[in-house]
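Look for chain A in each of the two complexes below; its partner is chain B in the first and chain C in the second.
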Partner chain A sequence: MSLPCRVSLLPLAALTLLAACGRETRDFSNKMMDSPHRGAKFAGNAWRISNGARLFVWMNCAGCHSHGGGGMGPPLMDAKWRYGSSMSHVAYTILNGRPGGMPAFRGKITEDQAWELAAYVRSMSARTRRDALSGRADEPANVEPLPLEKRRRARAVTPEQDAAQKESSKIEGTGP
Partner chain B sequence: MKSIWPVSVLMILLAALVGLGAAVLATTYPAPHATFSDRPVVYGALPAPQDRARLASWAQPSPDGQWTWQLGDSAASRFSPLDEINASNVAQLKPVFTFDTGLKRGHEAGPLVVGDTMYVTTPYPNDVYALDLTRPGAPVKWQYHPQSQKAAQGVACCDVVNRGAVYGAGRLYFNTLDGQTIALDAATGHEVWKAKLAEISKGETITMAPLLAEGRVLVGTSGGEMGVRGSLAALDAASGKLVWRAYSTGPDKDVLMGPEFRPFYKQDQGKDLGVSTWNPEGWKIGGGNPWGWVSYDPELHLIFYGTGNPGPWNPDQRPGDNKWTAGVFARDVRTGQARWFYQTSPHDLFDYDDINESLLLDIPTRQGLRKVVARPARSGFFQIIDRMSGQVLSAKPFAYINSMKGVDLISGRPIMNPDKEPKEGRTTRNICPAAPGGKDWNPVSFSPRTGLVYIAHNNLCMDEGDVDTNYIAGTPYLGTEARMYPGPGGNRGVFTAWDPVAGRKVWEIREDLPLWSGTLATAGDVVFYGTMDGWFKAIDARTGRLLWRTKLVSGIIGMPMTYKGPDGRQYVAIFAGVGGWSGAIVSGALDPGDPTTALGFVNAMKDLVKRTDAGGRLYVFALPR
Partner chain C sequence: MRRGAVLLVMALGGCSALYGPQSSAMGQGMESAHIGNLFDLFLWVTVPIYLGVMVFLALAMRRRQAMVQGAARPEQEAGWRLGLVLFAVTSALILFGLSVATWFTDRAIARAGAGPALSVEVIGHQWWWEVRYHDPVAGRELRTANELVIPAGATVKVSLSSPDVIHSLWIPNLAGKQDLIPGRTSDVVLKVPKPGEFRAQCAEFCGLQHAQMALPVSVRAPGGFAKWYNAGLATPPVPGGGPEFAGYSLFTGRQCASCHNIAGTPASGQVAPDLTHFGSRTTIASGALPNTAASLERWIADPQRVKPGTQMPQVPLSPEERAAVVAYLESLK
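Moving on to the complex of A and B:
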């Protein structure tokens, strides 16, 4: 890890900086984690989010949801969540599908990939730690990359607010 | 520099000039989103009577003032001989009754009227209502709610629309989004038979209105955005049993091509071209869905219909002409055997589905009347094709086109513009027309009294970028990112009065929003159409002058129709219910923050949210007693 991470001044600062280091961690272990822990791990990790962004195109998610604005499927960049906004809700939706037309992707992707997708989906409405969010979206070549500020438009979430959001406690997404 | 004019005088003069300029600007230029349509732009005179196109000689539009098929008759005229409502009295039209479907998605269908009953079909869940026209307020006589799979909504490319029913011999036939064709007893609403022609797990849906011809119900699949291999099926009207099914891709035996198949152009002659003009196995997921309109010539026993775009949209993944997608078929309705085929957009690059309606006209030539198919194609060319041979006699642009330079009448092929050919890994800008074409599914009308075709259509362009895409059954198969915007002039819609014989515009009305409604022409020399912000308009069939308009509860993407009621009066009906591909931003509550939303259409429709609401209400108008 880089120099600033090893320099600890105050316990509070150390905590904050440790969290910042986690955003780039590439965890290849197959260790199973409970949902809340897992959700936080994926949602706050830049590598997971960027994997999710690639899967979003490869698995044809973009065909229905476009790059967040929706189409055949509902928008993902706004603040409305039909089936819950938490990491575990979104990952559940991806793996098992929903009766209104969302197909089940279980068997087509791994569980980790579903969580990576969930992390990316939540990042569209900036429901994620700012320090883990990519500075530019992986938009197609024919549109200007959506600036970070615009992606935060629907809902600005700070790392603290994100951590405070209880897993599986909110069915409909609401503002902080 | 020294001036002989005092500065103050100059200032006053300048101020006056600026003020004058502002005044001129204010009166010359419409305010943003003002109506663009008040004054038609005239290009020429009406054709002389002897130079006018005629409706196919056997065609009987709207007999007895009934309306039994969405396009009026099997020649697709959308013309009514009723003339009680005419150019001098149409301004007095008043609503007589309304009917709410309780749904808030795109209402593209029009009602049917047979005897003293009106039949209304809705978008998903595809309910059917019979209304009693003999009683005040037209109460519901019976209603039918099909059992259908909710998940069908997730594989419908462009809102959960349905384009209506067809009536014949005491029965009503219609399709459901999840792929059923249902026959109802028109008197009671009881189900007579049900057939299943599409599987939503493979991305297949049905949105089109079936056509009834020689005891067969003709049904085509949808799903060009999901890698669905398209087909047209003929069901026995009495039993619902499959008589024949013709695929749009694959070997000749699947496409029903035998000795009778005699295409006019060389590139369409050969064995199993539906396989060899594709990448290996590509035809199995290659699209070509006939989700639009079928016409029928009872003298020739031929049906005419177009096939949709090839899949995926990304053309680099499917080298070859991709037969038999994006073209028009003539088939024997009795056997399904293909007679001829003409490919409007070989190796389609831009989602130019060729599913638009085929008007069956007789055109005067030096050799006498010639039987033709007149087609306002998605590519923006108005095609005149010989009905018997499939030869293209003319193809003139009715919309602004820069993706193609014209059509070579020797080879029949479009002359492509190399600057506008999209390639994987780069962005191609300013392609006109955009993916919804010069005109999409919404049908034209033809008046034999003026010889004009009335086309409600688009003026949209797009940027297209392509990426390699995977086929996953039941998910989109596109590989294209698009974003659309208004074409030259800034108006997104155009209403064009077109002389199909001379191949020219007679006049046009420039509309702000894309036009997604059908048009209706009547013997009263009035033409009806609607706009996406909810104006229902009546214009003069000869001049295009606006005669009457009224604002409805929701934007109009439906098909106007007219009928003679049990009391002998003429009525006009239209659905207000915005949605469809163009209105998905309202009906699907989509987010305009992403320019690729709804395959890029939302980028051109950001203002629609402020201008209309979702809804589903049928309006019926008549003259005051």
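Moving on to the complex of A and C:
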């Protein structure tokens, strides 16, 4: 390989590395509040998703939703979304509550934490960047966890729903 | 000249490390006393052996010279067989004796945990320490965070667990390292004859802020410990007015109360450090900052700047509101 060719490979390698960084970037600046790409930034980030997983237990979301399977509250790992599946819809639901028992968490958690929760909730149905998803759950399980492919397939309940979700993901910029 | 100065500073640093609140060289605990005795025994047995070996080596070298000059070979000398047998038997006896001493030391350390006077649970979180004191009377259970206070002279059993990742409790002056492993309970027994102030540190890499996960350990005279314990059980009064009351209202009404607990107030979160007697602690955020009003203000204003990655979020508060919360928390003696 000639020298110029090798040199041109360098930036390419650097770019490849950079592309992989997004999933793990930890933004401690607290400056994300007004970013229009907030949904994508939270949903595609492994650190935000795992923070959301922690908050999910801490705020006792599991008390009603179980670990995604639902109970007193609706399941979160299937393809049905009563109030929209996009990042902003889920964060809005968390912050403002919904009729039928979903409490409003505005003032109980910060807005960033609500978005982290939303990122985690969407990741339960593998509705997020694949490389940002955790390979395993935080809580101990007594059944074998579903492989990623199975989790992703849970989306397609009806073709219409699937299309609607794809559409809303596109708006959020966090294509499945 | 400069090198001399550097060496001097290093030597002084070494000395302070030897005598400081976080040093494994000057063990003050029961466990280290046992191991210290064993070490002394090994030292005084092995030093004469070492010197003896050196003497025999020197003799052998002299004999070798004599042999070159035509003296008899060792096998032809009288008593060499007896010498070898004596050597083997003595070595075996000494090794056996040291093994017995080790076994007794090990048993003594293991026995010490039986029938503890005090049972404490230490839970390692990312990145702080939760401390629970168990008491047979339900109302006398005490929960605190980022401080471990124990009575001098008593056997204290510390149970260790972790809800997130592997941590390790290391109080170098008092005991060896012991890991905190999610899903299981390990323990360490402390028995410290004299009061003192020490510092523990997480000794197993546990994430971004592993280095800022310290635990001040205070060993107090039994009377002082009982006083601290009873003060800890008391519910702090709700402030009557002023900035403290404004801070109380903000703390119990805002995000703080979702995670932190202050006994006797609506703030009853159980996932972050218990702040019931926060004002009496020496450090903030597990040793990250000294507990002063200025550093508390800094911590609340932007926790991520002080301890990047901490689970404590930046709660939106105006500077006046922040000052009120600081005044309230510092009043919780």
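FYI, the second predicted complex is superposed on the first by the 118 of 176 C-alpha atoms of A that agree within 3 Å, B and C clash if a C-alpha of one lies under 4 Å from a C-alpha of the other, contacts with A are read in each partner's own complex, and residues count from 1 in each chain.
Methods note: a residue touches a chain if its C-beta (ideal position, glycine included) is under 8 Å from a C-beta of that chain, and two chains touch if they have at least 3 such contacts.
Note that the coordinates shown come from a computational prediction; the quantities given were computed from them, not determined experimentally.
Asks: Using the superposition on chain A, tell me whether chain B and chain C clash or fit.
Replies: Because the two structures are overlaid on the shared chain, the partners are seen to fit without clashing.
Asks: Go through the superposed model and pick first if A:M59 touches only chain B, second if only chain C, both, or neither.
Replies: both
Asks: Of the partners chain B and chain C, which touch A:G69 in the superposed model: first, second, both, neither?
Replies: first
Asks: After the superposition on A, what does A:G100 contact: first (chain B), second (chain C), both or neither?
Replies: first
Asks: Tell me the contact category for A:D78 with respect to chain B and chain C: first, second, both or neither.
Replies: A:D78: touches chain B, not chain C.
Asks: I'd like to know which partner A:K108 touches here: chain B for first, chain C for second, both or neither.
Replies: A:K108 contacts both chain B and chain C.
Asks: Return the chain, chain B or chain C, that is in touch with more residues of chain A.
Replies: Result: the larger residue contact count on chain A belongs to B.
Asks: Pick one for A:N51: touches chain B only (first), chain C only (second), both, or neither.
Replies: Touch partner of A:N51: chain C, not chain B.
Asks: I want to verify one number: the closest Cα approach of chain B to chain C after the superposition, in Å.
Replies: Chain B and chain C, overlaid via chain A, are at closest 5 Å apart by C-alpha.
Asks: Residue overlap on chain A between the chain B contact set and the chain C contact set?
Replies: 58-59, 108, 140
Asks: Touching residues of chain B toward chain A in the complex: what are they?
Replies: Where chain B meets chain A, its residues are 150-158, 225, 425-429, 463-465, 467, 469-470, 472, 474-478, 481-483, 584, 588-599, 602.
Asks: Inside the complex, what are the residues of chain A that reach chain B?
Replies: 57-60, 62-64, 66-75, 77-78, 80, 99-103, 108, 139-143, 146, 150, 153-154
Asks: Name, in rising order, each residue of chain A that touches chain C in their complex.
Replies: So the residues of chain A in touch with chain C come to 26, 28-30, 51, 54, 58-59, 107-110, 112-113, 140.
Asks: Can you tell me which positions in chain C touch chain A when the two form their complex?
Replies: 164, 183, 208, 253-255, 258-259, 271, 302, 304-305, 308-309, 311, 313-316
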